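Below you'll find the structures, each written out as C-alpha cells.
After this come two complexes, each holding subunit A, first together with subunit B and then together with subunit C.
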Partner chain A sequence: MQLSTLLLGGGGKSLTSLFSLVYLFVFLPGCIIVYTALPKKCKKYFLLLASYAFFWLISSSLIIYLILTTFSAHYFGIWLDRIGTQMRSHLAELPKEERKAAKAVCVSKQRRVLALAVILHIGLLLVLKYSPFFTTNINTLLSKLGVSVQLEVPAAIMPIGISFFTLQAVSYVIDVCRGVVKAEDDLFKLALFISFFPAIIEGPICRYGQTADQLWDCDKIQYKNLTFGIQRILWGMLKKVVVADRLNNFVTTIFDTDKDYSYGGAIIAIAAVLYTVQLYMDFSGSMDAVIGTAEIFGITMPENFRMPFFSRTISEFWQRWHISLGAWFKDYIFYPVTTSKKMKKLTSSARKKLGSHYGPLIAGAVALFCVWFCNGLWHGSAWSFIFFGMYHFVLILTGNILEPLVQAVNKKLHINSGWFVYRLLQIIRTGVLVIIGELFFRARGLKAGMMLFGRIFTDQRFEEVNEKVFDKLRLDTYDLIIVGITLLIVFTVSILNERGVCIRESLAKRHIALRWAVLYGLILFIIVFGAYGGTYAPVDPMYAQF
Partner chain B sequence: MERLIEILEDIQPGVDYENSQDLIDGHKLSSLSIISLIAELEEEYDITIPAVEIIPDNFNSAQRIMKMIERLQEEY
Partner chain C sequence: MNTAAKHFTNAVSFVAGLLLMLFLISKAVTPAEGTVDNGVDSKDANGILAEPENSIDLLFVGDSETYSSVIPLELWDKHGFTSYCLSSSAQKLYYAEELIEAALSRQRPRVVMLETNMLFTKFNFDDSLLHKAGSVLPVFKYHDRWKVLLDGFMGEETDTSEESEFKGYRLYTKVNPADAAGYMKPSDQKAAIPSRCKSYLKEIKEYCEERGAQFILFSTPSTKNASYPRHNAITALAKQLGIEYIDLNTDKSIKIDWSTDTRDRGDHLNYLGAAKATKAIGEHLAKKELLPDHRGEEAYSRWDELYKVFTKKVKKALKKAGLS
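On to the complex of A and B.
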C-alpha cells in the first residue's frame, strides 16, 4: 500500500508529475519500446505523436492552444524569413552607400511583423493566465472610485505549461527575425520542438538552435544513453521524493492550513528555509527527470540549475537558478531594451556626466525593471509575485549602486574579496535574501507575506522550536536526519559536478557489479527513505502552475 | 585596434585587453560595461549593434570585438 503511494507520486492520477507511476512505468517505457521498434524515419513522428498524446492526457481539449501556438509560430517564422531573404537579395543589388537606408526600410517592416507575432502569442498568454487577476483588480479600483459597475471575473482557463511553450515559440520567431536560425518549413519539426513531452510541463525553455535538430535526427536508443537517463531520473526522484515531499507537511501547515498564523517568528523563519530547500529539490529534481528522459532518446537538454546556493550575489543567483528563464529575459528583454536607440543615446550622454559605472546604470535600471516586472508576473497572476519580482529588482539595482562604495571600503580596510570568509559571508547573505524572497513567493498573498515576515522580527517565540512542535508539524527528528543526509549527498555530488567530475562517467568505467550495486542502492534509498504513504502528501510539480 | 583598446580601458580599466580571451566568460566585462561599450562603439565606428550580436563569441576578446565591428561595417 505504502510503496504504491510512492509510485503514484505527484497525485498519480495524471501525468503531470514525471515521477508518477503512470509516467515512469507506463508512458515512458511504452514510448521507449515503440520508439525502438519503429524504423528510423518514423521515430521523429512517433516522438511528436507521443508529445501530443502526453499533452492531450494532461490538458484534454486545451491542446488547441498548443496547436494554435505552433501554427502561428510556423507562419510568422516563414513570413519573417521571406522578408529577410528579399532584403538580402535587394541589398546585394544596391551600391554600398544606398544599403543603409534600404536596410532600415526592410528592418522596419520585419519589426512590424515581429511585433504582431509577439503581441498575438504573449496576448494569448495574458488573456488565458491573467484575465481573472486583471478583472479582479479593475473591479477593486472601480469600487474604490465609487463606480457601481462590476466586471464579470472570467474563469481561469490555463493549459499546463503554456508559459513555457509560449516563451519557446516566441524565442523561435524572434530568432528567425534576427537571422539566428532559419525559418522551419517543416511544421512537424517545429511542432516537436515546441511540444517535446518531458519539457512541456516545467521547461527548461529551450531555443530552437539548441534542441530542434537533435529531436528531429532521431537515432536508435544507445545503452549508455538509456542507463545515464535512468540514473538522472532516479537522481531527480531522490531529491523530490526523499526531500521535497518529506518537507511538505511542515511547509503546507505553516503557509496554507494554519489559517490564523498561530506560530511564532522562529518557526516561520524555519518554514521559509525549508520551503526554499523544498522548491529547489522539487524543481531541480523535476529538471533531472526532464533531462534524463531526453537523454534516453539521445537528446541533450540545457541545464537549468548550477548550484545556485553558492552564489555571492543575487545577480549571480539568477544566473544559476532557472537558467533558461533568466537567459530568455536577458536575450529578449534586457539587451533589446538597453540597446534601443533612446537608451543608447541616454547611456552615451549619462556616461559623460556620471562616469563609466553610473552612466550605463540608468539604461540598465530601466531594462532591469522590465525584466523583473515580467519575471514576477510570469510566475503568477497575483500581487505577491509582482512584489517578488520587484524585490529582486531592488536588490540587484542596490547591489550595482553600492558596488563602487563596497570596493572603496574594501580597499581602505585592506579586505581581499577573494578571501574564503568574505566569500562565505557573501554566500550566506545571498542565501538569506533569497529565503526572504521565497517567503513572499510562497505566502498566501502579499498581505500574508508581510505579516509572516514581520512576525520573524516582532514575535519570535523561540520556545516553540522544540521536538513537540516539530512532531505536531509532522517533521520529526527522523525526517530531519534523512533530509540532512540526503542534502549532504546532493551537496557532495553538486560540488564534484561543479569541479568537472562526472560521477556517471566514472561509474560507467567500473565493474558491472559495482554499477548495478550503485543503481540498486539508489532505488533502495528512495524506497526506504522516500516520504510516501501514511501522512505524507507529495508535492504537486510546483513550476507546472506557472 | 588601438582605439578599441582605449575605449575598453576607458569603460573598464584594469583588464589586460591585449591578451584576454575570456572577457565575458571570465566575467571581466560586466553587463553595465557592455551597455556602455555598445553605445561607444556605435558612435565611434558608425555601426548599429543589434541585441542579437551580444553573445560571448563576439565580446570575449578585443580581437573578436574588432571582427564584429568590421563585419557590421561591411554589412552596409
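On to the complex of A and C.
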C-alpha cells in the first residue's frame, strides 16, 4: 500500500489539519527526531524535504504547482536583481545628466519583468481557483444574451494552500524588485521559505525577510522551544477541538444541511454568532499550531491575530484579524495604487477642492476598492465572497467619510471617545457588523445569504430558542457551558497577552508541580471536553479551502 | 544528572502521569457493560443492549438510510421476524463493526444485513487511530459521557436500560419530493469503494459468519445516494467476497413514488417509502426461509404491544402530516 493511500485513504483529510493524530503523533514527532539526529548542515535540507513530503501527502501530484511557483519566483528574483545590478553599474558609468533617463529605462524594464512575474503567478492562481466560477458566469451571460454557445465548465483543480504560497512568492518577487530583499541565489532556501510545512495550509503569509534566514539557519532544538511549542499547539487544540468542532453540527445544520431553511431568524442570528466564534477559534487555533510547530524548530513566525473582537472599528478589526493577509494587501495593492502617479495627481487636485480629510479619501477609496475586491475574491470563487469584500469596503469607506462628522457630534455632545461605555458600544457595533459579514461569507451563495439575513428581521420565531431545538441541532446546555468556559479562558489569556504578560514564560518560572498541574489540566480538558469521535463532525481547517 | 537526562526523565514521568490519569478517567467514564448508555452517541442503535438476550434474529446495520428505511415492527407484524436497526447518523464502518460486536455479545442473529451507503463513506487514518485508542484507553471513546455522569449527579440520570420503542427505526412523515429524472440512469461504470472500507467489510463479514449469521448487503432506495456505478461496484465486490446483495433501487416492484415517499428530496425515505422498502425486504427474506416466525409465542408478546403503539403513533403522525 502506498504511504499516501495509508494516510490519505479518507480523501486526504488526515494531514490537512495540524491537529490530526497522524500529524501530531506520526509526522511531527518523526520530523523532530530526524531533525535532532541530523548534523547541523543537513537540518535545513531535511526541513525542505519534510515540507515537500508533507505537501505531497496532502496534494499528491499537484505538488507540481508548488515546484513551478518556486522555480518561477527564483528565476524572476534573479532576473530582477540582475537588472538592478546592471542598472547601478551602468548609471555609475554615465554622466550625471544622463542618469535620470537611463534609470527610467531600467526601472521600466524592471517593472515589465515584475508585471510578467505577477501575471504568471496570479494568473496560475486565477486559472486553478477561479476557472469554474468565471466559466459559469460567462455561460450565464451568454445565455442571457441569447447566445446558444456554452463553454465547458472545467473541474476545479486547486492544490491546498495555493492562495497562501502564491502570495508569498509574489511578495518575494516584488520585494526583490523594490530592493527590500536581495534575490536569493540558493533555490533550496527560497523553496523552504515558500513551502515550510506548518504554514503551507493556512499561512500566515510570511515575508522573505521575516522567516527565510531563520529557516535556513537551522539550529538544534532547544528544550525551551520544544516545550513552549508544544504548549502553543495545545492552546490551539483547545480552541479548535473544544470550541470550533463542537459548534460545527449546529452551524452546518443551519447553513448547509437544512436545505429548506426551516429555522426562524432568531436561530439564524445565533448561528451567525456561533459561526463567527467557530471561524475565529478554528483559524486562530490553527495559527497557534503553526506558530507552535515553528517554535519547536526555533523559528518565530508572525502572529496572525491580535484580539480582533476588541476592535472599535471595522478598519481596526482587519488590522487584528488575519493580519498577514491584510498587511499583504496593504503593501502590495493599497500603497502601490495610492502612490501611483495618477492617484497622487488626483489626491493633489481633490485636496484643493475638498480639504485635507476628504481629498485623499478619493484615491484611498479607489485603492480600498481594489483591496477589498481582491480580498473578497481571494476568499473564494463565488459572488458571496465578492459581496463580502464589498461589504467591508463600504463599511470602512463609510467610517472614513463619517469620521469628521462623528468627531463633531461627540464634541458638541461632550462625549469623550475614551469613555469605557463609548468604547464598549463601538466594540459591540463592530462585532455585530462583523457577524453580519460572516453570515454572508458562510451562506451557500449570495441569494441564500440575503434570505437568511432578511429572515432575522422578518421572521424571528423567538419561541424556537429553547433547549429542545438546541438539542435537535446537537448543541445542548452542556455544550454551551463548555463553549462558554473555554471562551472565558481564551478571553482571559488574550487580555493578559495584550498586556504583555507571557503566560508560558511566567509558568516556566513556577514550581514543577504547578507547571505540570496546569499542563495536565489543559490536556485532560481537551481530551474530556473535546468534540471528537461519536457523532461529532470535526470541521476541516476552514481557511485551507481559500 | 546532566540537563538532557533530567529533561528526559521529566518527560517520561510527565507522560507516565498523564497515562495514569487517563486510565483513571477511563474507569470513571466507561459505562456498565450491556447498557444503552454503552454508546452514548447513538442511543437508538444501542437500544439493542436493552433487548432480551438471544431474542433478535435479524440485524440491520447502517447509517441514516437504514433507520429511515427499515421498520422492524412491520417485519414483525407481517412475518413474525424479530429484527433491529443498528444504525446511527453518518455511521462509518469501523463504528458499525463495534456496534455489531456489542450486539453479538448478547444476541445470536441468523442474518446480519449491512446497508451499502456506508461503503462509500470515507474515513481517514485519524478515525481508525482514534477508534483503536478508544479500545486501549476508553476515555477517548466515552469522553462525552461526562454529560450523562453530570445528569446523574444532578439527579436527572437517564434510564440506561431503556429500549428503543421502534427497534431502532425513526419515524418521519414529512414529504419533500425528489427530482428523480436521473435516478438509476443505466451505466456500465463502477464507483470506487475506498480500500479501507473494503477491509472493514471483509472483517465484519468474517466476524458475522464465524458467529453463525448469514451476512447480506442491501441498498435502500435513495435518489441522492444510489446509482448504477455504485450498484455495479457493490455487485462486483459482493461477488468477489461471496456475499448476497439486494439492491432495492433496481427492484421495480417496490414502486417508490418520489413525489410522496421521501422526506428530504430523495436522500432518505419517509414512512410511506420505508413501509414499501420494508415490505420488499420482508418478502425477500420470507422466500429464503432464513428466519423463524415468532408470532404467537409468549416470550415475544412484547412485540405485539409495541406494534400496537407503533401503529397508533404512525396514524397520528400521518394525520398530522396530512397523509391520511
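One rule holds in what follows: the second predicted complex is superposed on the first by the 529 of 546 C-alpha atoms of A that agree within 3 Å, B and C clash if a C-alpha of one lies under 4 Å from a C-alpha of the other, contacts with A are read in each partner's own complex, and residues count from 1 in each chain.
One rule holds in what follows: contacts are C-beta pairs under 8 Å (C-beta built on N, C-alpha and C of every residue); 3 or more make two chains touch, one makes a residue touch a chain.
In this text the structure is predicted, and so the values were computed from the model without any measurement.
Peer 1: Among the partners subunit B and subunit C, which is in contact with a greater number of residues of subunit A?
Peer 2: With both complexes superposed on chain A, more residues of subunit A are touched by C.
Peer 1: Does subunit B (first) or subunit C (second) touch A:D476, or do both, or does neither?
Peer 2: So A:D476 only meets subunit C here.
Peer 1: Look at A:G236 in the shared chain and tell me whether it touches subunit B only, subunit C only, both, or neither; answer first, second, both or neither.
Peer 2: The answer is neither, since A:G236 touches no partner chain.
Peer 1: Applying the document's definition of touch, where does A:S20 land relative to subunit B and subunit C: first, second, both, or neither?
Peer 2: Touch partner of A:S20: subunit C, not subunit B.
Peer 1: Once the structures are superposed on A, label A:W516 by its partner contacts, choosing first (subunit B), second (subunit C), both or neither.
Peer 2: It touches subunit C, and subunit B stays clear.
Peer 1: In the overlay, answer first, second, both or neither for which of subunit B and subunit C A:P204 touches.
Peer 2: After superposition on chain A, A:P204 lies in contact with neither partner.
Peer 1: Have a look at where A:K259 lands relative to subunit B and subunit C in the superposition and call it first, second, both or neither.
Peer 2: A:K259: touches subunit C, not subunit B.
Peer 1: Who does A:G530 touch here: subunit B (first), subunit C (second), both, or neither?
Peer 2: After superposing on A, A:G530 lies in contact with subunit C but is clear of subunit B.
Peer 1: Can you list the residues on subunit A that touch subunit C in the complex?
Peer 2: 1, 5-11, 13-14, 20-22, 25, 223, 259-260, 476, 478, 512, 516, 519-520, 523-524, 527-530, 532-535, 537
Peer 1: Tell me, which parts of subunit C touch subunit A in their complex?
Peer 2: 3, 7, 10, 14, 17-18, 21-22, 25, 29, 40-42, 88-90, 122-127, 129-131, 133-134, 139-141, 143-144, 146-147, 150, 176, 194-196, 264-265
Peer 1: Which residues, counting only subunit B, touch subunit A once they are in their complex?
Peer 2: 10-12, 31-33, 35-36, 38-40, 42-43, 49-52, 54, 75-76
Peer 1: Taking the touch rule as given, give the residues of subunit A at its contact with subunit B in the complex, in rising order.
Peer 2: Where subunit A meets subunit B, its residues are 96, 99-100, 103, 178-180, 331, 334-336, 338-339, 343-345, 347-348, 351, 356-357, 359-361, 363-364, 400.
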